[in-house]
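Note that the chains are named A, B and C in the order they appear, and that numbering of residues resets to 1 at the start of each chain.
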């Protein structure tokens, strides 16, 4: 099997959100996804990175976020990690519309969007240790089917 | 002072050369350099990454290459690292036209190009341990001078 | 005066932000064209081939087009 991987870390500044999106999307472009699939991947990266910045690190800009991305054949695995405050109740956090920061006008839809755009989303988190979001997606499904 | 840094690693595969180029370029784009300056940075990344793949790892696709990039005001520092075979004689390797792989139709101009496009190039290498190329460049210099 | 000079200079020179935006416009047009032609959303390779760019460069340009124009940053910083 044909595998390729990359890993990158960057400081928890909101201006790095765009950078994280480009980095993941340009790596994933090797699998030749459709433009729509690529937009989905970028959205998912934005949601997870924003969560790490705003919730995980409470907007402290001097912490680090790590993204790992592995490609094999037509599949992508994406891991987004912080060492922030963690999530006390993951199940509750993943419910649509749930947000712990309604004052910041958060929609509470971040995890729901991730689950919609990716095939699998797995969240591992411990209070005081941080959060790891692992996601998988297979590309070109619709393309293959439409042939 | 306004600083921002990132670090990324990826498999030593030539298809990742474009990925490495764009990842650095998109991070450096924060400083809004000119197109020429960005092209120079991309060229330098290509040369160093190709060297790590072809020379450092003798084209073994399962090793890792690391790039660190730090921005401060109008300056970029770029570090490109491998843990490959290393360079026995760095001074000789950096001479224009020197190549240890003439059979692969290498031009021997990689280091010369890096020295031309960047303000400083420093190569640290040990046989059997790997090679680290550290480069610096200040942007907007020529623009400031042309006034 | 320094700021005004910088404004004029930035406007006239090929800054990355501007050039990437032009590329992003081409990508957007090509995407529309191919969507009609193929009757589905094109893949990134399909667009890359037509524009003779790498897929990675297309991703970069698309993202840059979303960011605020640098002239604002230059003038108002």
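Here, a residue touches a chain if its C-beta (ideal position, glycine included) is under 8 Å from a C-beta of that chain, and two chains touch if they have at least 3 such contacts.
These numbers were taken from a predicted model, which means no experiment stands behind them.
Asks: Hop distance check: chain A to chain C, minimum number of steps through touching chains?
Replies: Minimal hop count between chain A and chain C: 1.
Asks: Most remote chain relative to chain A, going by C-alpha centroids?
Replies: B
Asks: Determine the centre-to-centre distance between chain B and chain C, using the mean Cα coordinates as centres, and give it in whole Å.
Replies: 25
Asks: So the centre of each chain is just the mean of its C-alpha atoms; given that, what is the distance between chain A and chain B in Å?
Replies: 29
Asks: Pull out every residue in chain C that's touching 2 or more other chains.
Replies: As it turns out, chain C has residues touching two or more other chains at 55-56, 59-60, 63.
Asks: Going by the contact rule already set, what residues in chain B reach two or more other chains?
Replies: In chain B, the residues touching two or more other chains are 18-19, 22, 26.
Asks: Given the complex with chain C, which residues does chain B contribute to the contact?
Replies: Residues in contact with chain C: 18-19, 21-22, 25-26, 29, 32-38, 143, 147.
Asks: Name, in rising order, each residue of chain A that touches chain B in their complex.
Replies: Interface residues on chain A, with respect to chain B: 3-11, 13, 15-16, 18-19, 22-23, 26-27, 30.
Asks: Within their complex, state which residues of chain C touch chain B.
Replies: 5, 9, 13-17, 19-20, 54-57, 59-60, 63-64, 70, 73
Asks: Which residues of chain C touch chain A in their complex?
Replies: These residues of chain C touch chain A: 31, 40-45, 47, 55-56, 58-60, 63, 66-67.
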